[in-house]
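Shared between the two complexes below is chain A, which pairs with chain B and chain C, respectively.
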Partner chain A sequence: MHPEIDRYAGLSSPIHSWDCGLKILGFSLLILVIATIDGLIATGIAFGLALVFLWVSKISVGFVLDRLKWVLFFLIPLFFLLPLQYEFGSGWSWKSENLGLALTITLRALAITILIFPMLGTAPFHRSMKSLQDLGIPKMLIQTFLFTYRYLFVYLDQLRKMRIAMKSRGFQPGFNKNSFKTYGNMVGMLLFTSFEQTERILNSMKSRGYDGHIRILYEPARQPLDWLKLTVLIILSIVLALGDRLWLT
Partner chain B sequence: MADLSVRISSLVYHYPESTHGLEDFTLDVPCGETWGLIGPNGAGKSTLLLLLDGLLKPMSGDIEVFGQSMKQNGSVDSIRRRMGIVFQNADDQVFCPTVFEDVVFGPLNHGLSNDEAHDLAHEALSKVGLDGYESRVPQHLSGGEKRRVAIATVLAMRPELILYDEPTTGLDPKGREELIAILGQTDCTQIIATHDFEMVLKVCDKVALLSKGCCVKTGTPEEILFDKGLLDAHDLVQPSWLPYLKGMG
Partner chain C sequence: MHISDGILPAPTIIAGFAVTAAWIGYSARNLEADDMPRIGVMSAAFFVASLIHFKIGPTSAHLLLHGLVGIVLGSQAMLAVLMGLTLQALLLQHGGISTIGVNACIMGIPALLVGWSYRYLGTGRPVRIRVLLAAGLTILGVILSSLFACLSLLTAGKDFQTLIWLFLGTHIPIALIEGLVTGSAVSFLLKVKPEMLICSSPEISQSPSSSASPS
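The block that comes next holds the complex of A and B.
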């Protein structure tokens, strides 16, 4: 199964129908604000907002949770380790004031990650990239995003085929020298074969006139409602930023 | 030489650290004809197609397409607007999220308007019998369907010259027959690198036999394919059914 971020791009919701460029602009601003807030209450509100946007976008919660597990893999140890403090003489102690900090960091990271889904998961990925291009993001950066996303699937396909080939010849993975050597060979071969395929894909694109500029059948037709949605997000971002600094500390 | 689609003169190309490539290769392909390139693996068939599409640069010699030398500055882009290439592996050619977006990719990159690209894409899909496949995901199609999408991506650019790299490889008998029918109906100049002698007999007007990077002989499919001694001398095997075909006239 491919890890497509835009698997739910075909759904219908107020976020799906929002102009792609304005949507990216609005959510980027909100994410930026969330990244700068410090207070636990404001972070909690931001987390709640992220959940609301996810609910409005109708993207499957199971799909998001499956992607969040990698973020949680880093956050959970941090959450438990941060309140622990070592002092000479008295050893390890539990600092409850650090628990608030751990919770803030965890909620902030989760809120930002969750907001990525309504931002990029509610339109086909290449349309999002085209919108970034229209917003003036450098072409080189967009190409990097586009090719990383495209070639991720190529690498995963190659990896799947190689694992099948290894299994069919009786490979039993283990924590031993032979397994590590086999994995090393697999990664080397994966890079080699995938590089060749990416070359062929690029050749195919060049032969059809690709010059680094994304051209797709999508013309942004911004309606007043799109601007209204952007205004709402800007107001939310301002209120969250001001609230964190003035009222919620 | 306006009646020539392709004029290849004393072309030389070598891959680094490989014996494969082309050596003093010369060939003229008149407009409107379908040519088959046959030869053993490593004879230079695919290399020749990549050189013709400007994806490789010759070390010496010249290629003229529709009277325009590929040595001229900026000629490759203008030549590419008049030709298309169907790669051996359709997975390298179809990379967009939907069939339709893949087919419009070429026309849009060649500067056509959305409406024109839209019409050409529908026309191309219709030609390859894929009406109704517009919103399908290319990666989920069968091998034969993917190949037809790959051909549609090229037909949508309205090329005057189409290059095919082993188009029947990996297709089931039905898919192969459908593909041969499509090639037979196409009225532009076609150059097909293939091991499929039956397809050559059905589709091609002329054949060029390649061996060790050189063009050994050109002629009608019957002149080349019925000459068992010639095929044997260049590591090709005449199919057992071919002499019977000759006997039947």
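The block that comes next holds the complex of A and C.
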């Protein structure tokens, strides 16, 4: 399993052609605004907006739906857990009005999660990181993030191989001390082998001139249309924030 | 141990980002270029831990490993937790993007405390004691993370009380499992590469072939 986010970065759409830095800025603002709105109507509109952006970006809906399963796994129980309330003295009760709260939370979470795909799924990962670097995010953070992203796939491959090796030796995972000790040894082995490998990777990168700065061969200049797209997102964010507080409550 | 998007109020979200940014800014002063691969390895391990599932009765849970991150990285644990959580949110949609700051505090502060306590209590102790320390501190770390998560849920309103009780209840077995797994991993690393941990084994550091040194 390789959970790369930029699988659809090669498509062509108005969001793909948008300057990467301005795109991240615009969508980050919209995500922040959506995280702070409270009303069900405004949240519903935000969810609709997220779907529109996903449609415009041409990213496969099936791909996004597959990624949303984790979010739904945590959110669906809220429709049961939020209305179910316990009061000391009177015991358990069912508050149907909290179903609205659960729906608001679910729509808000889905809207934010869906917006990640147009924001980061429409450009190669290294280009998004370069944009973050240009936006002033400390170089040290970007480097660590890139290292983590790089090692992730090494780990996932090692984990897959170790699982096969454990299975072929008859390991049956269960809820017992031996199973958890085996998991502990597996984690230790993963760290041990990767640690040695990463030292070699860093040395080979340094010997090829790596200095922690991301460089990209072709960087198109920002066009007026890029700024126009950012303006649209800023206006949408302001209207959503004001609408939630003034008109849609 | 993640709080999803959409649940927490704006002041909690902002406070989470502020605390995380302040700590990262502070700890980054001592960060050197050669530390980054080490942090990257632990961030990736933290990420991968969320894919190692085990069954608890009718449901399943996954490893957290933030205690181990603290024991390996010490003061830089928060950065590794932040990186791991960000990638989990972006690649797996696990956790939340607006709650990265809060989640980094929930997991990162206990990781720091586990790391510091392990260093303070474990330096110069026999291997067996250090393995027990790693397991015990990790159990406390998971319980502390659950309490932090419940505190942040409380800021969302009293309607979350059922969720809070359920959250606390399910994390007690997870804490025990996490302690056992981290204890085994630390025991393994003390045997094969003790210099990976923030305080090295006295028996091994006496060996001329080892580069371990008490820190």
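In the analysis below, the second predicted complex is superposed on the first by the 245 of 249 C-alpha atoms of A that agree within 3 Å, B and C clash if a C-alpha of one lies under 4 Å from a C-alpha of the other, contacts with A are read in each partner's own complex, and residues count from 1 in each chain.
Assume contacts are C-beta pairs under 8 Å (C-beta built on N, C-alpha and C of every residue); 3 or more make two chains touch, one makes a residue touch a chain.
Predicted model only: the values in this text are computed from it and were never measured.
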Legend entry - Which superposed partner A:I201 touches (first chain B, second chain C, both, neither): both
Inset, instruction - Give one of first, second, both or neither to describe whether A:P124 is in contact with chain B, with chain C, with both, or with none. - result: first
Legend entry - Of chain B and chain C, the chain that contacts the larger number of chain A residues: C
Legend entry - Partner chain in contact with A:W55 - chain B first, chain C second, else both or neither: neither
Legend entry - First (chain B), second (chain C), both or neither touched by A:N185: second
Inset, instruction - Could you look at A:W227 and tell me whether it touches chain B, chain C, both or neither (first, second, both, neither)? - result: neither
Inset, instruction - Answer with first, second, both or neither: which of chain B and chain C does A:G209 touch in the superposed model? - result: first
Inset, instruction - Name the contact category of A:L217: first (chain B only), second (chain C only), both, or neither. - result: first
Legend entry - First, second, both or neither for A:R150, with chain B first and chain C second: both
Inset, instruction - Check the residue A:L78 against both partner chains and state whether it touches chain B (first), chain C (second), both, or neither. - result: second
Legend entry - Shared chain A surface residues [contacts with chain B and with chain C]: 150, 201
Inset, instruction - In the complex, go through chain A and note every residue touching chain C. - result: 1, 3-5, 31-32, 34-36, 67-68, 70-71, 74-75, 78, 81-82, 84-86, 95, 98, 101, 104-110, 112-113, 116, 120, 138, 140-141, 143-145, 147-152, 154-156, 159, 173-175, 177, 179-192, 194-195, 198-199, 201-202, 212
Inset, instruction - Would you tell me which residues of chain B are touching chain A in their complex? - result: 50, 53, 55, 77, 80-81, 84-85, 87, 89, 92-93, 95-97, 100-101, 104-106, 108-110, 114, 117-118, 153-154, 157
Legend entry - Residue ranges of chain A touching chain B (in the complex, touch as defined): 6, 124-126, 150, 197, 200-201, 203-211, 215-217, 219
Inset, instruction - Enumerate the contact residues on chain C facing chain A in the complex. - result: 2, 4-7, 10, 13, 24, 28, 31, 33-34, 36-45, 47-49, 51-52, 54-56, 63, 65, 68, 72, 79, 83-84, 86-87, 89-94, 96-98, 159-163, 165-166, 177, 180-189, 192-193, 196
